[in-house]
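This structure is in structure tokens; I'll ask about it shortly.
Labels run A, B, C and D following the written order; every chain starts at residue 1.
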Amino acid sequence: MKFERYGVGLVKGLLVTFKHLFRHPITTQYPEQRLVPSRRTRGNELVWNNVKCVVCTTCAKTCPQGAINMETEVDPANPGKRIITRFEVDTGYCISCGLCVESCLYNALHMGYAYERAQYRRQDLIQSNDGLLASETRKASAFMHTDMEKDFPEQTLLIDRNKKKAVIKPSGDANIEPAAAPPPESTPAAPAS
Amino acid sequence: MSLNTEQFILNIGPSHPSTHGVFRMKATMDGEVIVELEPVFGYLHRGIEKLAEQRTYTGIIPLTDRLDYLSAMSNNLAHCIAVEKLAGIQVPERAEYLRVILAELQRIASHLIAAGALLNDCGAFMTPILYMLREREKILDLFEMVSGQRLTYSYIRPGGLAQDVPAEFLPALQKVVTDLPHFFDEYDQLLKENEILLARSKGVGILTREMAINTSASGPVLRASGIKWDIRKADPYSIYDRFQFEVPTGKAGDCYDRYWVRMLEMRQSLRIVEQAIQQMPAAGDIQTKVPALIRPPVGEIYSRTEVPKGELGFYIVSDNSIAPYRYHIRGPSLLNLTALRDMIVGWKIADAILIFGSIDICMGEVDR
Amino acid sequence: MTEFTWLHWLLFTVIILAFVIIMVMVFIYLERRLLARMQARLGPNRTGPFGLLQPVADAVKVLLKEDIIPDEADKLVYWLAPVVAFFPVLLVFAVIPFQNGGLLADLNIGFLFVMAVTSISTIGVFMAGWSSSNKYSLLGAMRNVAALVSYEIPLLLSTVGVIIISGSLSMQQIVAAQDIPFILTQPLGFLLFFIGGCAEINRSPFDLLEADSELVAGHHTEYSGMKFAMFYLVEYAEALALSAIITTVFLSGWRGPLLPPWLWFVLKIVAVFGLMIWTRATFPRVRIDQLMALAWKFLFPLSVINLLITAVEVLLLKDSYSWVLVPINLAIMSILILLWAKLFKLGWGKIEV
Amino acid sequence: MTVILPAQDIANLITAQFPQAVIEFDNQAVVIKSEFLLKVADFLKNNQALSFNYLTDLTAVDYYDYFEVVYHLSSLEQNKILTLKVRCCDRNNLQLPSVTHFWKGADFMEREIFDLLGISFLGHPNLKRILLWEDFSGHPLRKYYLQ
């Protein structure tokens, strides 16, 4: 290197790293401190509402991965309607793109708000029927439903961190603390082959 | 007495710390100097062009996120512009402005990774790339607020956006836009006149003007060789003709110029975002009425947009069905690699890694 | 001169071993925390209070790892390499005075012994690179041998000025002669020694040997488990050795007001190591031919001129080596650097193939 | 604004130079005979007035009864773009002359067409599969790939 700047560039670089010694690190200690995700987080699960669902299978058709499949049968009470016997989502295939939620006309499908849904066994990835319903630990995210956005906490932004040292919510309320694992659904159906 | 030395073949292999993904360079080495080099790729080939032929035009959007996974928003925009040209869909004003803002933010985020990774290949122990990732985090926060995801947004739809931006998006965007220039100055102070970086990258891996044009390079690689060709200026798509910005070009076409062109482009993108914030209408619908299954008329279209890596072109042949008949993706990273061999032969292995890093490719786009 | 008794020998061997192990642990922790804080992140804080047990955790992890030996490896050389790389670093501490008179053997050729011993570890590195029959490690080892030839001479020459002033090679005398620390009276010598030293122990801009972005991990790519722990130890022990030499030769070793002398010695070592961490956090890596060009065209001529100037100064001023020389030497240093920065270009470009 | 050369002008230009080169042209692209490909490429690239020196994109489409190779050429100075098409109808020996001599950028694109669609290019420096592994049989992007 021709020191055409006589090493000044090197010294300026050293000053920058030295200045960083006196700045706050931006690390978040994950399990203890959690960042609040966006109100529209597309978590890695689906939240289904079996009352509103009219079994029109639009979501199954729009899913680019074919992760949703349903089984229906004729409703013995009134022959015109069909009732759903099995609404199954393979979260192993689901890429949480949200196209199904966008295509559902009856607001029966939401993306999940939690992002900690890893499983140890592949069969557990397949959730069906009441395993999909909204519950205390399985909150629905406000993705594609702007009316639901107001009852979600504000997202923690890194841009506010430097200015007013935004308080990072201690663990728990920011995200749904999975209570004791919900009892495995008691459907008699054998787990999907 | 001539020392009999032997050349040996070194696989700078698919899993190597600085090949930006699964990319392999079969280098024939004479000691440290590279005598012959053959790039080998295809390790990340998922057959996106074949998959796209069985999906609806909206179903292809999640596929385009995974093309150049560092600039998913720009890929979404490129795909949607192609479909809008093909099917003749109009996009409302407010959606156009928001799209430009998101695309330019994505360009800054992608260039941040490119410059940081270049320094990492050059041996600066993680410091520059960690500063860069911290700044990129601020942009990813905005994308997460808008679309719900941090990397694969699938947020832009043919005809506008999936849903409107939340209320607190604009104040947060304003903060990011005022904060970034301080970072750019600090980063220049760290690296602009750093003698070691100058020694390592000035005059290294030169891509001449003719070679750049002949090997259809595009984006910062082409501009660093001194050719003022930016599709946002030459063939303005969407509403890019309403903004004032320069197209920075380099002189020698060496690694330093490619790095420096990207740093200047980030400042220009910031200028565009600022102008777009002022000119944006406060309210307005976000997506035109578009049928759920878009059926473009029979015909074909080649539409190209300026993504951070270069010119991303989609050649779509439609036969009036809900899925394209043929969906070809012109990936800028693949074509920027054509000149890799001529740029690297003659240099040492340390330079080869640096030259490869300065081209800034993304394997998702090379292998498709 | 303390006469040689077995007790004295045993005591200092234990002191040196304990000192090296503990200081290496401190250095590993210090480097990871300081480097992290310079990169706007926290650094290890999970193992033990404030992450203090992180070096122990590293050691336990590395020792428990399976020790894989590649089958084409040259077994004996492969097994011997870490030992040959490690023991010279320990030898260096035999002549480093921890306190007044507190050193294992006050050789009257102390500094020459240090310089001779430190270059042996390059043989160990080359054995490692050659024997693990892996192209990357061979490249790394060859780089180290090529670099050794170029930075060793300026490394030695830059300190000859110090030896002329202190009148003796023994480290004890060098420290005794330092009423004014030699860093002030010999600024150019210090700069050249620091740059050459960083090249020798592969740190900051010259970590070409295990350039992780090019050669994966250089000479110790194929090492794992216990042998890798040895190389990991060598890297930090060499940094410790270089800091110890710099404090003894340039920062007047254990001498200092108020605090007990050995504490001064440790503080100065940590300060010098802090400088190395600082350069490691900021600078990109230099290419091998640029390192050699820097050594031959920049370090070597400047160290010869520095030697000339110091000799003239000592001749003229005899023994009154007073404060007046400090500004003069600083001026000379800056003039020389400005002059040299104009004259030479570092390394050449493309080789026509 | 990039001027998209209408097919009409390109056809006239080419027929002026090589009378029976053009087979047909619709509103966007000109289809020429494969024998004239090299001559037309040379004409388009080296003619001072045209100087189409930048090969933007090179791809191929399988229309069941024929394969169509599409060349998108643009000239950076005059900011023009045109589309050139060549058809090869005989399914069992799909061959075309390679244009890497004129535009080095075609190197990888032609290898990709050979790899995914099976059209081989004569005179290509090293024509072998680029994305799939060497002993992969068949060409996935053909319409009825599985049979």
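Definition applied: a residue touches a chain if its C-beta (ideal position, glycine included) is under 8 Å from a C-beta of that chain, and two chains touch if they have at least 3 such contacts.
Note that this is a predicted model, so its numbers are computed, not measured.
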| item | value |
| --- | --- |
| Far-end chain from chain A, centres as C-alpha averages | C |
| Rounded Å distance between chain A and chain C, as computed from the means of their C-alpha atoms | 51 |
| Inter-chain centre distance, chain A versus chain B - centres from mean C-alpha coordinates, in Å | 27 |
| Rounded Å distance, chain B centre to chain D centre (Cα mean) | 26 |
| Euclidean distance of C-alpha centroids - chain B vs chain C, Å | 43 |
| Junction residues of chain D - those touching two or more other chains | none |
| Chain A: positions in contact with at least two other chains | 1-3, 7, 10, 13, 16-17, 26 |
| In chain B, residues with contacts to at least two other chains | 127, 134, 190, 194, 196, 199 |
| Chain pairs in mutual contact under the definition given at the outset | A-B, A-C, B-C, B-D |
| Chain C partner contacts - residues on chain B that touch it in the complex | 8, 10, 16-18, 30-33, 35, 119-127, 130-131, 134, 190, 194, 196-197, 199-200, 203-204, 345-351, 353 |
| Complex interface listing, chain C residues touching chain B | 35, 38-41, 135-136, 139, 142-143, 205, 207-208, 211-216, 280-290, 346-347, 349-353 |
| Parts of chain B lying in touch with chain D, wherever the complex brings them together | 41-42, 45, 47, 49-50, 211, 213-217, 227, 229, 234-236, 300, 302, 304, 311, 313, 315, 317, 325-326, 328, 330, 334-335, 337-339, 367-368 |
| Residues on chain C engaged by chain A in the complex (per definition of touch) | 34, 36-42, 278-279, 281-283, 290, 337-338, 340-342, 344-346 |
| Chain A residues touching chain B - in the complex, by the definition given at the top | 1-3, 5, 7-10, 12-13, 15-17, 26, 37-42, 62, 64, 95-99, 102-103, 111, 141, 143-144, 146, 149, 154-155, 157-160, 162-163 |
